[in-house]
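You will see two complexes here that share subunit A, one where it goes with subunit B and one where it goes with subunit C.
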Partner chain A sequence: MAGSPTDAAGLAERVLAQGPSRYAPWLDRGPHLDLLERRALPELRAEAWRHTNVGRWYETVLDRTVTPASSYRVESPAEVEVVDFADARAAEILQLRGEETYRLSAQPIAAINALLLGAGVAIRVPVGCAPPSPVRIVELPAAYQRVLVIIESDARVELIEEPSIYTHRLVEVVVQPGGQLVHRRHQAASSHRECNLAAVRVEAGAHYELSQLSLGGDLRRNDIVATLAGDGANVTLRGAWRLDESRHLDNQVAVHHRAPGGTSRQTYRGVAADRSRAVLNGRIEIAPGAQQSDATLNTKNLLANDTAEVYAKPELEIYANDVQCSHGATVGAIDDDAVHYFRTRGIDEHKARRLFVRGFLREAIDDPDTAQILGVIQ
Partner chain B sequence: MSERTTELADLVGEEHAATGRDYAAGFVTEIEADTLPPGLDESIVRAISAKKEEPSWMTEWRLDAFRRWLSMPPPRWAHVQFPDIDFQAISYFSAPKGDAPKSLDEVDPELLRTYEKLGIPLHERARLAGVDTAGEDAPQVAVDAVFDSVSVATTFKERLAEAGVVFCAMSEAVREHPDLVRRYLGSVVPKPDNFYSALNSAVFSDGSFVYVPKGTRCPMELSTYFRINAENTGQFERTLIIADEGAYVSYLEGCTAPMRDDNQLHAAVVELVALEDAEIKYSTVQNWYPGDEQGNGGIYNFVTKRGACLGDRSKISWTQVETGSAITWKYPSVVLRGADSVGEFYSVALTRNRQQADTGTKMTHIGPRTKSTIVSKGISAGNSQNSYRGRVRMNPGARGARNYTQCDSLLIGDACGAHTFPYIESKLPSAVIEHEATTSKVSDEQLFLCQQRGIDPEKAVAMIVNGFCRDVFRTLPMEFAVEAAKLLEVSLEGAVG
Partner chain C sequence: MTLLRIEDLHVEVDGKEILAGIDLAVDAGEVHAVMGPNGSGKSTLANVLAGRPGYDVIRGSMTVDGADVSALSPEERSLRGLFLAFQYPVEIPGVSNMEFLKAAVDAHALGRGDEPPSAVDFVKRARVAAGRLQLNPDFLKRGVNDGFSGGEKKRNEILQMLILEPRLAVLDETDSGLDIDGLQVVADGINAFRANTNAVVLVTHYQRLLNYVVPDHVHVLADGRIVHSGDRKLAVELEERGYGWLAN
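Up next is the complex of A and B:
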């Protein structure tokens, strides 16, 4: 595409010139237009984009050659309300969300999602409802997609995001008091450049669990923001990835403890091979007053060869004293001693390494069958 | 040029009496000073260079740094908040009046008393085995005393010279050892490395220079004591330590400043160079005036410290105990270039009241089998914010390199913050990086256990904190370790309750 903008200002200008999308006209796009008018998109060297060249994503923003799916495919049990964002009913479901689940100033590229939005789905799981089968988001027919999930009080459900093609996807989740959501995200190897944001608010006594299985993309960026907004909220995040060729995966995770007594557990395992690049930035933030918070993050990375790169930045930002927080991060190679141990038991080196990697990744995988089908484990 | 004496002395003296237990070093020395007017332009840079009677290459070096500085933005990524600094309101040079003393006997007695009061004896009284002379325990440490912009005295110079060790003021080194200075100055921290290092390169006034020749073990601990005295001045010292092949040196650094309501800027650069098989141990007890309870006054401590392990099997070890400064922005780092070289960073940072600290280290592994260890203990009390920020990078070529990082934070009170920002970057599989961090408060059980045994809560907290910091204290030379533990105890007073 001629003259693809690679800088923030150039892109903002082009998006503004094109005007906001007419899809879901009821959506308030004021703040998003304002952000672009203020030219507040991330600059190429912004700290949050230290290891991902945001300019490469900017290049694809207006690229019409990205061909997403041609139709809606969202599978859901009968008890669950599922509405196209084009429908005015979606506006009512958005009302149930209450305040935004993320700050636009902290996630500026979400403004592009709102302005270019082409497909969206609002999902509501009614009070106390616990359907036996999951909600499955298979395909949405646009490059800019939005998923809104409201789990009402004491309801519980499983949500699966199947591998699909998009330029930006925004998933907003609210788990109301006592509710539970198990969120599974399957990201296949991709030659596209995509960003997504999962923004989650977990209210009192509610549970949110994310299991993310990823292979890299030409550029793949996962922003995850989880807020423990009510007393005793619980968040579990798991991520496992295996990158090869020159694939790229950048995970930016922020867990905010805003209320007392919350628990969060984060476990990440990744393998980077060939010329791939894996990034994990995991921040735990404990707000003033969020006493008795208990938060941990653990990330372990294997580098398979000299040309792969791993960047890890686990952060703690703590403003309350009666808390227990910890994080651990390691980067290294396959343990030769372990391989030797396998070999003494008659397992050849190739298989030994495969088993080692499998066992290593398994610590962050609760659904090994899917992980195997997807190719995260072999 | 303006001349003036410090007329605020009495005023500050009274204030000091009121809050004296907090910051015993907060007094002002009344001494006539020769101070450059506030403001910074090329003429000031030239004036500083002229005052130091520097050769023209040094003047040019400074001017180059100044020109680069003009186009650099101040760093804003640190987790600290303060109003923009007006660099034109600062005076960049202040020295006690009079000719430079030729020997210790010529040093202004007022200055000697100042250092005496700070517990830094500048006399060369040797300690007799097992005998305390006049109750004053003077360990055998060679001291370079830097008062505002100049070095006022360096002790034990002759004794060190016998061993071939050069220990002198930086300005003297520029004149006496130009080859070494030209070769290594700016080689570890280049002029445009960052905003404050560029500023320092332009206006640095004094600091210490150490050269330990091949195969020499420096016969005593070397030490520099930095004192800011004059008002509205910045202190920009520059330290360069070179350990030649197989040499060993242990260097201690201490710093204090009077209590004032204005913030003062301290932007130092320290460069360490370790050649083959050399070892440098650099210890700091930083006790700059931290400001009062409301956060008025205090030193802005924006320091660039970096060591280069150039030679194979060389080792650089940083130990810091940070209790002072209103704002700390400091990352003593090691560039591990030589094969099998070792970098260490041990840190205790205590913040209270409204202090803000963003401190940590950078370990850059370049050579094969290089090793680094980071142990950081942060303690936050009052309304303070305490951040650890560290980067461990494994470059291609650092085959078989290893890093271990442990950072622990302790929170005392519910209005403070403790933060950890480690950057872990690896480009090769055979390098191993391990990072662990924890945050917790002083355990109620431990406190209860102490109180049960009749230890009052304040002492109990001091004990627990002391234990929490033990891994770091044990790396300090003995006298410093005792001093550091005491300092921590004093700093914690009133923080519990």
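Up next is the complex of A and C:
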């Protein structure tokens, strides 16, 4: 069916006609079926899909030519419990999650993930456990994937999502009180149309940190929803992207402060070249009662030439009166003065631009892996 | 031997003539001070020498170490031994001083047909230079000029000069933004750099740096021309009498 335009109602009909997947039969798919029956998938012109043609993704939903990895590879330290999401034990781990980490009505395409789910993993890091090596999700063998991560109280771990191919991946994370998760995602340049949702709930005194490096795709949409649900929760989101050719990256980020004394920090740096398009919508919501919240969002973007497009929009919704909140968004060109400065030291123009861009992206993410990837992509 | 020869240099910026026929010759082993009131063209002279885009040479020539550099890119000029210390050094967050300096040193080594120095040798060299300018070694790990004080930026320019060892160093208002201690440190750096094989052009509005770095020649620039030249006593006289008496 790839190539033919698909609208929301038509897609819902086709998914329903096919029936839900038999993977993880214990999973309650009632709300998801209901959403499709109500034809509540985003319309092609929906505001949340202003910069991404969701119809192009709909075209690929039932496309069986998408070939994700054929093997199932998750590497983890011995202390960490990892089970196939189809396993009955995953249902028990899901119980530990408690309420959902996102609202289905706000993330309707997650319904397609549930109905077409073909692979997944449930990960539990036990109370107080701090393994020395990371949990690494290398490959999951289906187009629709689910990752559930429970960090129990006072546990701390690093989770790495390596580049892989999917049509939709849903990652749900709960960091219980005092726990800590450092979550790294590397998204390689892709010729596919890929959507994902990372939905995170951070409880009292817990920390969640996301470092996301992306090179874009034919269509890539990252939805991130992080909720500071307990007193003094801490969320740090860092994103860096560099797009060229006609690659597309749409980041939709929402940070919800639901409890007092939470801190959230968002830092994004992006570079768009050629005919690429980069989007960052960053929303901060501070609920009534989430007093002494401290939230910042800072995004800077470089346009490498005038055919690339960047859309950067911070949004604030504040319902508490004793909060600190700031945001800044800029879009500009590569700094000619900086390039000239390099050149007067003998560094040629090409290398000067490369160093400048890499330095710019490192303001958001600065770890050796990232430096290496950013180095490779010039 | 003449390291810099400028002849009848006319320069336009945005179609407006800023330099209207400069002649200047600087020999190896010499320090020349170029002074003058604001808007006289001092910084334009420094920038056009370094090859800043937008500074158009309409007439005349600039020769560094025997080669006309007018048509060369900024990086080629640097590799031929020209160095400009910027009046306003550029902040480059995310690129460490160390990385920046290593890229510059490597480019110079490759330009000479040499192997770039090893990381260990380079770090040693950078630490020695930083110590000479009383800069904490941590300074090398920080982003280039990122969040530096005015004085630190100027010391960083001199640090780069000491490491790149140019034949001709043009220092554009390196004394501005420095306190007395900073001025002394920067002057010590410049004096340590001075040698029979290189030359320095100090572009400055005030003569105070010249108390520490004693020039062999002093030139006064007004309306895009050198209107007066003399020895170091001219600088002292300018400090007392201002620039007005030279204008006509």
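Note that the second predicted complex is superposed on the first by the 366 of 378 C-alpha atoms of A that agree within 3 Å, B and C clash if a C-alpha of one lies under 4 Å from a C-alpha of the other, contacts with A are read in each partner's own complex, and residues count from 1 in each chain.
One rule holds in what follows: a residue touches a chain if its C-beta (ideal position, glycine included) is under 8 Å from a C-beta of that chain, and two chains touch if they have at least 3 such contacts.
In this text, all values refer to a predicted model and were calculated from it rather than measured experimentally.
The superposition on subunit A brings subunit B alongside subunit C with room for both.
Residue contacts after overlaying the shared chain place A:K351 against subunit C, while subunit B stays out of touching range. Using the contact criterion defined above for the overlaid structures, shared-chain residue A:R97 touches neither subunit B nor subunit C, since it reaches no partner. Within the superposed three-chain model, A:R343 lies in touch with subunit C and out of touch with subunit B [touch as defined at top].
Judged by the touch definition given at the top, the superposed model places A:R14 against neither subunit B nor subunit C.
Of the two partner chains placed around the shared chain by superposition, neither subunit B nor subunit C is touched by A:R275. Shared-chain residue A:G328: touches subunit B; no touch with subunit C. A count of residues in subunit A touched by subunit B and by subunit C gives the higher number to B. After overlaying the two complexes on the shared chain, residue contacts for A:F360 are found with subunit C alone; subunit B is out of touch. The angle formed at subunit A by the C-alpha centres of subunit B and subunit C is 80 degrees to the nearest 10. Closest approach of subunit B to subunit C, taken over C-alpha atoms in the A-based superposition, is 15 Å. Comparing the two interfaces of subunit A, the one with subunit B and the one with subunit C have no residue in common.
Note for the complex: subunit B touches subunit A at residues 77, 79, 394, 396, 409, 411-441. Interface residues of subunit A facing subunit C in the complex, by the touch rule stated above, are 335-338, 340-349, 351, 355-356, 358-363, 366. Touching subunit A in their complex are the following residues of subunit C: 50-53, 73-75, 77-79, 83-84, 86, 89-95, 99-100, 103-104, 107-108, 111, 143, 160, 164. Listing the residues of subunit A that touch subunit B in their complex gives 47, 288-289, 291, 301-334.
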